[in-house]
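Below are the structure tokens for one structure; questions will follow.
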Amino acid sequence: MGHAATTVHHDEPGVRLKAVYAHLDCLLAGIARMKADHTEGWTVQSPLPRHEILEAVYEGRPSPVRWWTLTGAIAGLHIGFLLPALTAAQWPMINPGGKPVVSLVPYAVIMFECTILFGSIATLLGLMFHSGVPAMLDRSLKDPRVTDASFTIVFPSAPRSQVEKLKAALVATGAIEVTTGDDAVYEVPNV
Amino acid sequence: MASNDAIYGYDPRDPAAPNRPTTYGQVNRDIIRPLLRPTALWLLAMAIVVGMMVWGGFAWYQQITMGMGVAGITHPVMWGVYIVTFVFWIGIGHAGTLISAILFLVYSRWRTGVYRASEAMTVFAVMTALLFPVLHLGRCWQAYWFFPYPNQRQLWMNFKSPLMWDVFAISTYFTVSAVFFYVGLVPDIAIFRDHSKGLIRKVYGAMALGWHGTDRQWHHYMAAYGFFAAFAAPLVLSVHSVVSWDFAMAPTAGWHSTIFPPYFVAGAIFSGCAMVISLLMPMTYLFKWEPYVNLWHFENLAKMCLLTSGILTYAYGMEYFIAWYSQNPYEWAIFSWRATGDYAWAFWLMVFCNCVAPLVWYSKKMRTNPWSLFIVAAIINVGMWLERFNIVISSTAHNFDPQTWALYSPTWVEVGVLIGSAGWFGTWFLLFCKTFPAVAITEIKEMVAPPVKGAGH
Amino acid sequence: MGVGGGATALTACGIDDNLYFTPVETILPYVVRPEAVTPGTPTLFATTVVTGADAWPVLAVHREGRVINVMANRQTPLAAAVPAAALLELQRHYSPDRFAGPLDAGATTTWDAAIPKLASAVAKARAEGKKVAWLGGYRSGTIVGLIQSMTGGEAVFFEGLGRDAEAAAAELVFGSPALPRYDLMGAHYVLSFGADFLGGAWGGAGTQSQYAMARSANHGNFVARFALVSPHKGQTGARADDWYAAAAGSEAHVALAVAKLVAEKKGVASAFAGWLAGADVAAAAAASGLSEAAIAEIAEHFATLPSAVALPGGVAGSSAGATALAAATYVLNLVTATPAFSAGGYPGPISTLARLEALVADLKAGSVGVLLVDDGCDLVSLLPSEFGLAEAIRAAGASFSFSSHPSATQAACQVTLPISDAFEDWGDEEVVSGLWLVRQPSGAPVRDTRSLGDILLATWRALDPAGAPAGNWHERVRAAWIAAAGEMAPTTTEDAVVADAEPTGPTPAQLRWWESTLAAGFVAMPSYVSARPLTPREGQITLPAAPSGDLALHVYAQPFRRDGRYANSPWAQETPDPMTGQVWGSFVLVHPATAAKLGVGDNDLLTLATDKGSLDVGVEVHPFVREDTVALALGDGHTGAGRYADGTGVNVAALLGAQRDGSGCLAWQGARVRATAKGAKADLVSTFGSDDHLGRGWAEVVAASAWAPVGDAAAAHPGDLVGRHGLPMDVRLQKAGIEDFYELPEHPVYRFGLTIDTDACTGCGACAIACYAENNLPVVGKVKAKQGREMGWIRVNRYITDGDVHFVPLMCQQCGHAPCESVCPVLATYHTLDGLNAMIYNRCVGTRYCANACPYGARRFNYHTYLWPEPLNLQLNPDVVARTMGVMEKCTFCVQRIRRVKDAYRDRGFNNRVPDAALRKLTACADACPSDAITFGNLNDEASVPASSRKSGRNYIPIPEIRTFPAVNYLARASFHHAPAAHGAGHGEGHGDGHGEGHGDHHPTEAGGAEPPAHH
Amino acid sequence: MRRLIPALAVTLFSGCWVAEYDQVGDARFPLEPHRLWPLYTWNDGQIAAGKTTGPQAALEQPIPFSHNIHAGTLQMQCEYCHAEARRSIHAGVPTLGTCMNCHSQVKLDNPDVQKIHMAWCGEPKCTLAKDAYGQLVPPPNAASPAWQRVHDLPDYVYFAHKRHVQAGVQCTECHGQMSLQGQKLADPANPDAEPSVQVVNVRETTLQMGWCLDCHASHPTIDQNYGEQADLRRAELKDCWTCHK
């Protein structure tokens, strides 16, 4: 395709740029175009997690949430052992049912549950951290059509100098609507 | 892209396939339409369940003020309807997690239509079950002693106790199911937010956590969702195993058995799937979800029930076999008494409900008949409650010392709490169905052919 | 004593943990602390508990002004025990229905008004030449003289469950009404005709303890054999090795026939020819329904066993031949010249029914000006109305009741002067000739009552200011004893000086003697120590006609309610009847075959009718009555006798007429009833589940012949338990010497244990009630008991196997590996360093999981917060917290006593250990047990009974397969009907009865029993 | 319908009123209901009276006894009045007779001392009678004043003063500097006025379980008294049944 690379200059006041797609294949083409142009600063929105989109955007890079999960689970495993073991060791003479002060078999259940609990909570935290929720997103991303049926490629802050070029590229890939600035009107679809 | 139908669309066996939605927007509208618009029928149902809940609360009030003596529990039957119902509700919860997590991991397609409602059922069933460990306590106001928190007394709990495992298992189960449920719900809440205005929009906007379907959100979401499912899958097996250890860890004859964990898990899934059928059948008609939840799903749920009913029947038989084969007089006494003694009615009713009645579903015709599905599912629910009744009551009523043998019968307080728990569950479930998308919009969308322009450029 | 009243506010008032809403407590110190009392520390006062025909030396446990418990007085020559009756007396002391002060015609009055009224009534009667009469139960000692002087001999000492037939028979045979003395300690054969001598109401002063000694092979290589001749086998009879179910009323025939056969065997028939004239074996067999062979068997045992003794009939034998039966037993004892039978039993005045009837006649004739009625038995309600006692009392010119409790007798009297009871009063009793029990008040008076002695003295003083003795009742008793003491009070020269200075009062030496006597609680006169043989007069026994008719009504005394005096005691009502487990109500015992014939089952209402009246009463189908007999207990069915007695059960007197025996003694037996099914359900509450232990090893039997030669000597005859079977342990584990998955916990100093000898246990319930008293167990009432919520920590299990009754007291077994402990989520129960299974009430949240896990069913749950009606709460033990709702509780081995005794020894050195002697009877149950069946000790101490008894061949542990390693071990009951188990070369050989699966090897003991199990 | 539903509800609920409520205040088997409100308060302290932590507010005592005068100025030993501390589980609050031992002679004009005399014989000035054994014989109507309990442990706690006193634990370790309590201090709001007795006795320590355990784990007297057995004793001291009943 041979488009020149576009660089976003952050010191330059940006322009909101939004391309709305009605069709998945057009969106994919748009993403491919942005990728090919090495354009940065865009976000894709979709009403559902299509793996084609995610593959196109992330090119198989895994989500770092998994490290949160692993850390949480390992921490949970240890907490699940240390909590019962240390608290029991604090009262070594309080001996229920003749079991040793630190009894691995009964503690295995606690360890398992804590692994799951802490792993899940860490995953949740990781998800929130990485995906930025709850977050005040840029206004341009708050488009009710996205949760309905439309796809978008949004530049929350496209460099003014690039806007026209980007517009052209997006229209070319099949965007049904390309708007800039705050001129877009977002309406709640009729139920 | 007609081939997308085969990949993403409905199963061709789906009887409702002709009515299936064709666009994402249609899915939104179909499912959002009934929300926040109470119908007379819904209001009536709410009045009934809230009434039941108030009645249960009244019963519980009396129990707190006057003590456990207002319940029917007695020496030597120290656990009665409360623990029976606790296990029942925990078991109910299992189907939801099974459907939402395990079937997710194995890419089962029929899961999509029913998983949100089943998951809601799980969360609410666990919330209901969580009432019982507290309200069956002699001193429920001390229930916070179950949790590990540093205190000036320097006291901790007994992590060797199956009840403490229970606390961990169930609180973990509740937390993980609730998180899993909520995370799954967030994109759908965002949809509803975008379809509403004013205050409602603000409320749902807060709950949607700023979800706008960006690639970054979806990327991490999909990863996290997979992990949640992966966590929930072993959890669902462990929770009822731990519940079964509440019994199996005591030396009491009839409880002290290694077969309990698989037996309980199978029973839980059995009862849970039956409960999903029982709950979703009326909902489907009430909320007009036929395109999304229909006989295809119910048939699959019935098949799950058939499988687990078989496992249960095997477990029942194996309990008797082991009691006989081991020549353990205590075990044999319990099991023969269960089938012939004072609670034989409960035993044989249970056998009918759990082993015999589901057999009709071997017939495809019965399996796809709404009335047969609904009635047999209700029978299974009764049967599974009775199963726990048999386990809990009969073993303690005829324990080791024949001189202590006594019988148990519940009082109205216990029945009231049982009914109240159903009211509590029903209240949450009905409220949920009216305020949140009870069919997973986003995931249904995944089954709809995506809008494609074709080779247009 | 008790100057200034109680000390601190009552501390045992609940686990009240709601800190913001607990009021500030107040402290009320003594004005001047009495020397003997230390706040916070129990003080023991020797006292005597008088209960009908029996009196017991006990120690009253005093805390801060109140008596909280009774303990055994181990100094007296009588049994060291706390019988159930002593505890019931204690509860009566605090009865909420006890009168707050004197009453006049039902209205409260003052002592200042009441005593002059009594005095003027007596003065008026004397002036009119009318009698001043006394009616009451048995009294002995100094008070009798006071009563006699007040009434001029017109005193009737009559007990409903008394021994008047025995006295009449003694008059007949020996010429004196003084009762003979029984000493069962050396008896090899005890032949009873129904007397409740093992914890019942018969009043044999220590017979239960004596029998326990005779029964135990540890006291002299023999096991006493007990034969019962009676139509009903009750709590005492349950211990019988041989039950000869003679027809009601035929016991005298059997006794005399046996006497004849024994005399023939002994060759002394001619010497007793007169007495034996009426004996006829064939007629006795016909009358009793026993075979002649059976009678011959009794005679054979009686004649050949080294020492045999026959006991009379008590209530069970008080038929038309009551006196004849008593006389026949005397003759039987004389024939064998048994040392167990001698002169000098209860000497006190005993009036026969004839004497009572004479008084009734006098009353009706109007010749009695003043009637004084004693506290104690409620004769109006107890005796059949045909005796006309109530009308007679009302016919008295003036009637004064000394009852401090409401009763029908008290209600019939015009004025009520409530008297102090044994815990509040000075006194002395002669229980056995020459053995005097003296007592002092042991607690502050609960109500505004006065000592009977003081009332009588005050009356005397009002009547005759010059002639009346000086001083109060306390000084009278002291003076009487100091006078009697004589040389028993050694005088020192120093005393003489003081005596010179103050010549009138008692000398310091005498006071010292008196104080030490009070501390010991008894005086043994020389006449007590020497046994005097009895010699018969010439005479003969007139046997009544052989009984006939349809269903015989057997009237018996329930061991707790007795003659009804304890019917208003909640403990007496709620402690399960030993034989049936029934609480809170009357029940008629019907043989299964008879029940089938009548078409009734358990808890069906049966209408019993005689020509005197009819009663509807619930049926308890029971194998231990004859087919032609139904049995109904006395002492229930009161009206106006207090909140717990009223409306509970039925009064058997309604069925009875005025029944007398040949010599004018009361005959309870002899009525014939028509029984018809009512077709409705009764409201009986039984706490018992299954009668059969299903071979689960709860009750075990050892052959008496195997036990007798060796006793419980260490390592003796292992494997002698008959019928023992259980699940074998995995052979691989046995080979590896593995006893359990986990090591047993370490017990560095103590591992407390309890041994319960089921052979000694008579089911008398003393332990169960003692536990109620010691541990603040609430009484829940009939409704809750019916729901199974009675709170007794000791359950005296009663199992029936092969017609044998086994009593197995079951409490928390304090397991080494306790199933209850590991399941508690909040560590409210755990294993202590002392080997106890601790239960921390205030940590309990009430999951009740522990109770479900407990294989012994030993845990009880507080379904509600039970309160004690005032002033029953004054009896609560301040060392034990009263539990509130939602908390599990169970036997703690009386940890409060363990703590105290450890503290007491630690006072003398920080590392001091409690010796075995201080532990043996430490727990309330062990202390109470009159049969010495329960012994406490340290299993780490090889010399302790629990440790050594584990090596006995009689040792067993119920359901050992559960491998809980309990701290309680049981000793099997001896049986004369089982052959000793075959001894193999090693243990593990079969024992002949076919279902043995290994025996000695599944008694897991951690102290001493370490040998690896050797299973075939 | 509008009448039917409330009627139905009333019938339903009144029929379900458990019988146990009738047993509250029953003459035979009384039951105590649990207080529902407040449902529960955080009760980590579990001290029966007063606040859980920090010094407790002063309770008004019948006689404003000053520990400062007796134990501080006069240097009287604690065990002179609290005579049972070394030999019983209770330390013993002094009997009225103990007060009279001195106060029949001293400070007779003090109005607070006269309160003791009033309690003894009903007069502001009593004469003492003794019996043959030399014991004080109180007049028949003598009654001790009802002291407000300051150091109050819950009923489920077994606390033996003698164990602690014999072991060498100082009274002040639990009771604080009693000899400073009851000092006459000037009222800060009115500094010119005559100093008045400020408080009779306040609890200075928490008396909470954790506070007890801290000493039971590490008090130096354990090693001193038990020597080689000290570790065992420490284990015993941490056993629940050492203090709970």
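As written, the chains take the letters A, B, C and D, and residue 1 is the first residue of each chain.
Here is the rule we go by: contacts are C-beta pairs under 8 Å (C-beta built on N, C-alpha and C of every residue); 3 or more make two chains touch, one makes a residue touch a chain.
Keep in mind the model is a prediction, meaning the values are calculated, not measured.
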{"item": "Chain whose Cα centroid lies nearest the overall Cα centroid", "value": "C"}
{"item": "Contact-richer chain pair (by C-beta pairs counted) among A-D and B-D", "value": "B-D"}
{"item": "Rounded Å distance between chain A and chain D, as computed from the means of their C-alpha atoms", "value": "63"}
{"item": "Centre distance in Å when chain B and chain D are each reduced to the mean of their C-alpha atoms", "value": "54"}
{"item": "Chain C-chain D separation of Cα centroids, rounded to whole Å", "value": "41"}
{"item": "Distance from chain C to chain B - Cα centre to Cα centre, in angstrom", "value": "58"}
{"item": "Shared-contact residues (touching 2 or more other chains) in chain B", "value": "66-67, 69, 142, 154-158, 160-161, 164"}
{"item": "Per-residue overlap in chain A, given as positions that touch at least 2 other chains", "value": "91, 93-94, 96-97, 99, 106"}
{"item": "Touching two or more other chains - residues of chain C", "value": "784, 819, 822-824, 827, 830, 832-833, 843, 864-865, 885"}
{"item": "Topology of the chain contact graph, where touching chains are joined (line, ring, star, complete, other)", "value": "complete"}
{"item": "Contacting residues of chain D [partner chain A, same complex]", "value": "235-236, 238-240"}
{"item": "Of all residues in chain A, those that touch chain B in their complex", "value": "22-26, 29, 43-50, 53-54, 57-58, 62-66, 69, 83-84, 87-88, 90-91, 96-97, 99, 103, 106-107, 109-110, 112-114, 116-117, 119-121, 123-124, 126-128, 130-137, 141-144, 146-149, 172-174, 188-189, 191"}
{"item": "Residues of chain C touching chain B in the complex", "value": "688-696, 698, 727, 784, 787-789, 795, 797-799, 810, 819, 822-827, 830, 843-849, 851-853, 855-857, 860-865, 885-888, 958-959, 962, 964"}
{"item": "Chain D residues within the chain C interface of the complex", "value": "19-20, 23, 27-35, 38, 40-41, 43, 45-50, 52, 59, 84, 87-90, 92-97, 120, 133, 135-138, 142-144, 146-149, 152, 154-156, 158, 160-163, 166-167, 225-227, 229, 232-233, 235-236, 239-242, 244-245"}
{"item": "Footprint of chain D on chain A - complex, ascending", "value": "91-94"}
